[in-house]
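Dropping the structures in below, format is structure tokens.
Presented sequentially are two complexes of subunit A, the first with subunit B as partner and the second with subunit C.
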Partner chain A sequence: MRIGVMICHCGNNIAATVDVEAVAAAAREFPDVVFATDHMYACSDPGQKTLEQTIRDLKLDGVVVASCSPRMHEVTFRRAVERAGLNRYMFEMANIREHVAWISLDRKRNTEKATDLVRMAVEKLRHDRPLTPKSFDVQKRVLIVGGGVAGIQAALDCADGGLDVVLVERKASIGGLMSQFDKTFPTIDCSVCVLGPKMVDAGQNPRITLHALSEVDEVSGYVGNFEVKIKKHATYVDWSKCTGCGACQEKCPSKKVPDAFNENVSLTTAIGIPFPQAIPKRATINAAYCLKLTKGKCGACEKVCPTGAIAYDMTDEVVTEKVGAIIVATGIDLFDHRKCGEYGAGRYPDVVTSIAYERMLSASGPTAGHIKRPSDGREPKTVVFISCVGSRDRSLNRPYCSGFCCMYTAKQAILTRDHIPDSRAYVFYMDIRANGKGYEEFVRRAQEEYGVEYVRGRVAQIHPDPETGKLIVRGADTLLGRQVEVAADLVVLAVGAEASHGAPELAEKLRISYDAYGFFMESHPKLRPVETNTVGVFLAGACQGPKDIPASVAQASAAAGKVLGLLSKDKLESDPQIAQVAANRCIGCGKCERTCPFGAIRMRELRDGSKRAEVVETVCQGCGICSVTCPVRAIQLQNFTDSQLLAEVNALCRTWDETTES
Partner chain B sequence: MAEESRTARLIEAVKAELPNLDFVLGYSRGFDALHATPISVRTGADADQLVFDPTCVENLATSLYGQSGKRIGIVVKGCDSRSIIELMQEKLIVRENLVIFGMPCRGVLDLAKVRVRADITQARGVAFGAEEVRLLLPDGERVLPRRDVLADKCLRCRYPNPLVADHMIGPEVERAGEEDSYADLMAFEKLTEQERFDFWKRQMSRCIRCYACRNACPLCVCKHVCLADSREPHWLSAEANLQEKWLFQVMHALHLAGRCTECGECQRSCPMGIPILLLKRKMNRELKELFNYEAGVDPEAVPPLHTFQMEEEKIKDRGQLW
Partner chain C sequence: MSTPMRTPIGPIDIEAERDLAFMAAVAEQSGQDLKSCYQCGNCTAGCDYSHDYDIPVHQVMRLVQLGRRDEALSCRSIWLCATCQACTTRCPNNIEVARVMDVLRHMARAEGRTPERLVKTFADGFLASVARHGRVFEVGLAMAFAILSGKPMQDAGLGPAMLTRGKLAILPHKPGGEGQREVAEIFRRFREGPRHAPGGTKTTAAPGGEAAK
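Moving on, here comes the complex of A and B:
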């Protein structure tokens, strides 16, 4: 075999702490290496040209490039190798940047480690075989998980591009958090008036199949051919018959049900439609409060329903959808302020969350747009806003900035002054983060035009004053360097974003990663912001990290664009670096079949009745679990065979004999 | 005597089943009173040679795998029955093709322990009492306390009665051992890393790579495709050095993780007396702690390393988010 080696300087990234010439010189002594050189930027056009020319001139059979992480440029070099006439899998990469140069300044030992890594890559390459990818058909459908503004936008864009869309929403209506907002910053336009038409479009678009009150139960398959099991929770109302007339809601005698859509500020009925603009506009029974379902008597809704849609015996149902790609747009949940003792830990009725306040401001909300104190229904004259509740707080394991709270706090302060002109609004803040188009101007308007008083400092304590019924908010004004106390009628907590509950479980079903806070990980923070590391699964909106509406919508359209690009092809290529069974070694024990997370192994019966494992090539993802489970090593991962790994280990441990007496 | 009548009942049961079977694996008297030897019974005359007593040390389940299509009878002790269950769990043998003669057992001899107490080459006979073993030597009778000469596994035996049997040749006996405390392993783990390393280097240097341990293991089912003999993949070279010997034992232990029933055949068969069961006991204790799993007890159980699930109960990858 004739192997060429190229050691990359990566400018100074590698060359500063690794003697690249010495590594190249050492590589020339490795078995089968006929050529080794160093290059300023191997990935640059001249670098790739040199590589291609050398392969042709020296009739190389394989190439090792020692440079950055293969996550970065493996594809680049595989293409270069292929252009020069080699099989693209006759290429190995040694990561001497992230794994060597960037983690130590010790030039001598770095050079030794880089040499070892190159030696291992050469040993692996010596055992590589040319591989050929297979191509397979794709499903031109996309699954979108989450029907908030991001999910809706992605669904509309995909449908517009000619794809069939399956939209899954956990709640009874799409719309997400945005449907709960009264107005949006920085334009103070009505939130549901902008979102509503999009919701209607999503509900009516013939290309979009909507599964509300449903969750993703199980995901199998792979890019181009995912099979998704969707659990449709029982609504106890046949939605094919329900017209959304609302008669049931009027007659339902169980009227003390916390209204989740209104953040439990008010009560609702056991059957009903969550809000006037809901899509689908269909009634749902809350089984926990329904008298018929809990006590067996009542049946009022069944009597009044003009279409006979009530179905008390309905059960959860699982439907299976086949899709080619998945967009995850599960959004966020808001921080639970009951964890904060200094704000009363949820004991004071007049300390409310920003989202509950949003419902109070809304004309279609529980107070019909009139701001009222939950405790006595009086109009508050002094309203205190506290920002960064559950954001930028390391003690709560929420060190990140939620990004949008500064802005919605300014908006809510403006709206407060608008609704109650003789009121005073105070905002306790740490810093004002207003880095969006028109955002800084908006905050200035709140301060200058609306006279909202901004106090830079944290609130240390809120305690009720029994005599006046007010809440004493005690905090610091760090600009004036003194304690301040405000006697407030109402306190609004600007609760921050946290990952949606159940996000890690969903991530595991989708085989994507998530960070320490439960936000889904993008494939690359700058260059692949909507892709995940699972091919065919994309991210949209705040499930990837806190985002406001414009950013969520932009990312949703970006994800839709990615999906449209992916599914514009009729066939996709599968990675040939997958498991392969040596039938002569296989003893048919079936352990591989049981451990395979992808269901990619079948047992095939021979004429003598004995069994052999068989890999379904397009389903196998090359994870290697079967290979390590197989007691006889009959299943080997192509180009990651035992012999290759052993050769690498031997290359690394060749000094073992010398240091250990036997 | 009770043991003799049990043997008679065993012979009777085997003879009754023999017409339906290709053969029956059992024990016959070996070259002296202290040895029993496996026998495959095909005729009534063969059956008359069957014996069962504390000299029947071998685990006959080792011979079961690879006899596809044959109907086999087998004589098992409690410990041996766990190997059968494990083979069934792994779908390596078919229960319908087996007829199991279960022999409740109060422990078998560890000849190495007898050997240090008496010259067993001179033994003319042996008798087993409830608490003692009587050796008939040329210079008279030698009485050894039973506990002193039983195999280690018998002293901590929790399954003296076969867990699976078609014919139970009773009476069943009460279990002798408490819950396994892994005292031997704990004592070993108290040593420093260097001491443990030195221990294994010393032990492994004595290995002669005969692979008796592998051949005696009822769950080493790779047979002709064993990695120890394989060129592709080439895990082990033919060199007689320490790391090759050691690598094989580590491989053996890892392949048996969650499968080994601690029948002890590997260690018993080792001609060099290397305590390799300790490696397997280490793996088993980890499995017990991590998955609360014991191999070869429940035919329906799925061994924890033979399945895949995202989140194991005791392995927390997800961390605490809320």
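Moving on, here comes the complex of A and C:
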């Protein structure tokens, strides 16, 4: 075998603390190595050209590159050896940057360790065999989890690109948080007026199958061929018959149901349509409040329904969808202000969250767009906004900035002054984060044109004044260096973003990573912002981290673009680094079948009744668990066989022996 | 209300006037990460003694962040702080602000800086009383404070009412059992000076330590 070795300087990243020429010189003495050199940047165009030329000129059978992590450039070099006519698996990479140069300044020992790693890679390469990927068919359908503005945008873009879309939404209607907003910054245009048409499009598009009041139950399979079980919660109304006429809602006698869409500011009925623009515009029964379902009496809705759609005996149903790719767009929840005892912990009715205030501002909201104090229905004259509630707060385990609160607070303050011209609006803030197009100008407008008073400091406490019925807001003006107080009629808490409830559980079903706060992890923070580490699963919107509407929509279109690119191919190549069974050694014990986390192993019965394990190549993820489970070493992971790994171990132990002897 | 003390005129040379040793000492003795303060002002907002302070507590923190030793140690606020810990409770960055104030007070005291003489007088008298009796003897403390403060009659009017309601005893109560001996032992240990704990961590001075000397 003829092996070539290239040691990369990586500029100064490696060369500063590793004697790369000494490593190359040492490599020339390794068995089968016919050529070894060092290069300033192996990954650069000249570096790759040198590699290709050397393979051709010296008729090499395999190549070792000692440079950075394989996560960085393995694909680059595999392509280079392939261009030079070699099989891409006749290539090994030794990581002497992250594993050597970056972790120690000891040049002598770094050089020794780098040499060891190259020796191991050479020994591995001597046991490598060419591998050929297989191709398989793909499902040209995409699952989108979450029907907020990001999910809707992704669904419309994918459908537009010719894919069939399965859109799953946990609530009874798509629309998400954006459907609850009154206006949007920095344009003050009506939120549902711009979102509504998109919702209707998503509902009417023949390519989009909508599952509302549904959740992803189980995900199996792999890129190109996912199988997803979707749990459709019982609506107790046959949506194929319901016309959304609303007659049931008018007659329902259970009228004291907290209205979740209106953030419980008002009450609604046990049956109904969540809001006028809901998609699908279908009625749902809230089983916890329905008299028929709780007490067995009533049945008013059944009597008035003109189409006979009411179905009290409906149960949850599980449907299975096959898709080639998945976009996760589950969005965010808002911080629960009841964790803030100093702001009343939800006990003071006139201390409301920003999203509840948003509903109060909305013309279709519980107060028909008139701002009223929840306690007595009076119009507030002094409204105080408190920023960073559940943001930038380590004591609440929310150290991150939610990014959009500064902007919606400016918007709400402007709207307050607009709705009640003789009102005063105060904003307690720490810093103003307004780094979007037109955002800074918008905040300045709030201050200059609308006279909103900005006070730089946090608020320590709110306590009610029993005599005046006002709320005494005690804060600091750090610019003045004084404690300050405002007697407010209404206090609005700018609650921050937090991961959607159930996000970690969904991540585990999808086998994607999430951070300490439950936000999903992108594959690379800069260069792979919509991909996850599970091939075929993409991210859109705030589920990846707090985002405002423009950023969510942009990321949704980006994710849709990625999916359209992926599924534009009729066939995908499978990774050949998967388990393989040596049928002559397999004793049919079935341990591998039981241990495989992906269900990729089947037991096949031979004509003599004996059994043999068999790997379903498209399902196997190459994790290697079966390989270590097999009692007779009959099942081996390709490119990571026992003989290959032992060759590396031997190479390492041999150098260790030599060092200790000397 | 007095205005915060400031260098009278001209810009401050923040680099040249930065006392790094002071910053490190406050951080070490308080065990707090002073860099994590982002000056939100919540400590000041929640402080119930701000009205008497010459420098609000968030600005005391800022003085420490900038290593302005003289200003930090000569302010009245560190003597007026009641250690109610509202600041510590409110801090979004988990800084024990009250502890920082405490450390500053000790540093000031060690240098003989006592802008609030009465606070020191009271603390000294309190500890002297505990050292002698094993617990505080209120009437003795009140009389001593009245004389030393130079305003002997300021609280005298409260005396009869408190006596008749049993709030004050004419003679000192001694703690029962081993109490007095145990308290005396605490003062003895303190007089011997700070020792290094077995784990090698340095113990910081106990509150009011100077008084016992």
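In the analysis below, the second predicted complex is superposed on the first by the 652 of 662 C-alpha atoms of A that agree within 3 Å, B and C clash if a C-alpha of one lies under 4 Å from a C-alpha of the other, contacts with A are read in each partner's own complex, and residues count from 1 in each chain.
We adopt the following convention: a residue touches a chain if its C-beta (ideal position, glycine included) is under 8 Å from a C-beta of that chain, and two chains touch if they have at least 3 such contacts.
Just so it is clear, the structure is predicted and the values come from calculations on it, not from any experiment.
Look at A:53: by the touch rule set out above, it reaches neither subunit B nor subunit C. Using the contact criterion defined above for the overlaid structures, shared-chain residue A:629 touches subunit B, although it does not reach subunit C. Of the two partner chains, neither subunit B nor subunit C is touched by A:135.
When both complexes are overlaid on chain A, the residue A:499 reaches subunit B alone and has no touch with subunit C. Once the two complexes are laid over each other on the shared chain, residue contacts for A:104 go to neither subunit B nor subunit C. With both structures placed on the common chain, the touch criterion links A:591 to subunit B but leaves subunit C unconnected.
In the superposition on chain A, no contact is made by A:12 with either subunit B or subunit C. Contact with subunit B, but none with subunit C, is seen for A:610 once the two complexes are overlaid on the shared chain.
Across the interface of their complex, subunit C is touched by residues 342, 388, 392-396, 430, 456-461, 474-478, 481-484 of subunit A. The touching residues of subunit B, when paired with subunit A in their complex, are 68-69, 90-92, 201, 205, 221-223, 225-227, 230, 232-235, 241-243, 255, 302, 305-308, 310-311, 318-319, 321-322.
Within the complex formed with subunit B, the residues of subunit A that make contact are 498-499, 501, 504, 508-509, 516-518, 584-585, 587, 589-591, 594-597, 609-610, 625, 629, 631-634, 636, 641-643, 646, 656-657, 660, 662.
The touching residues of subunit C, counted against subunit A in their complex, run 4, 36, 38-47, 50-51, 55-56, 58-59, 86, 90-94.
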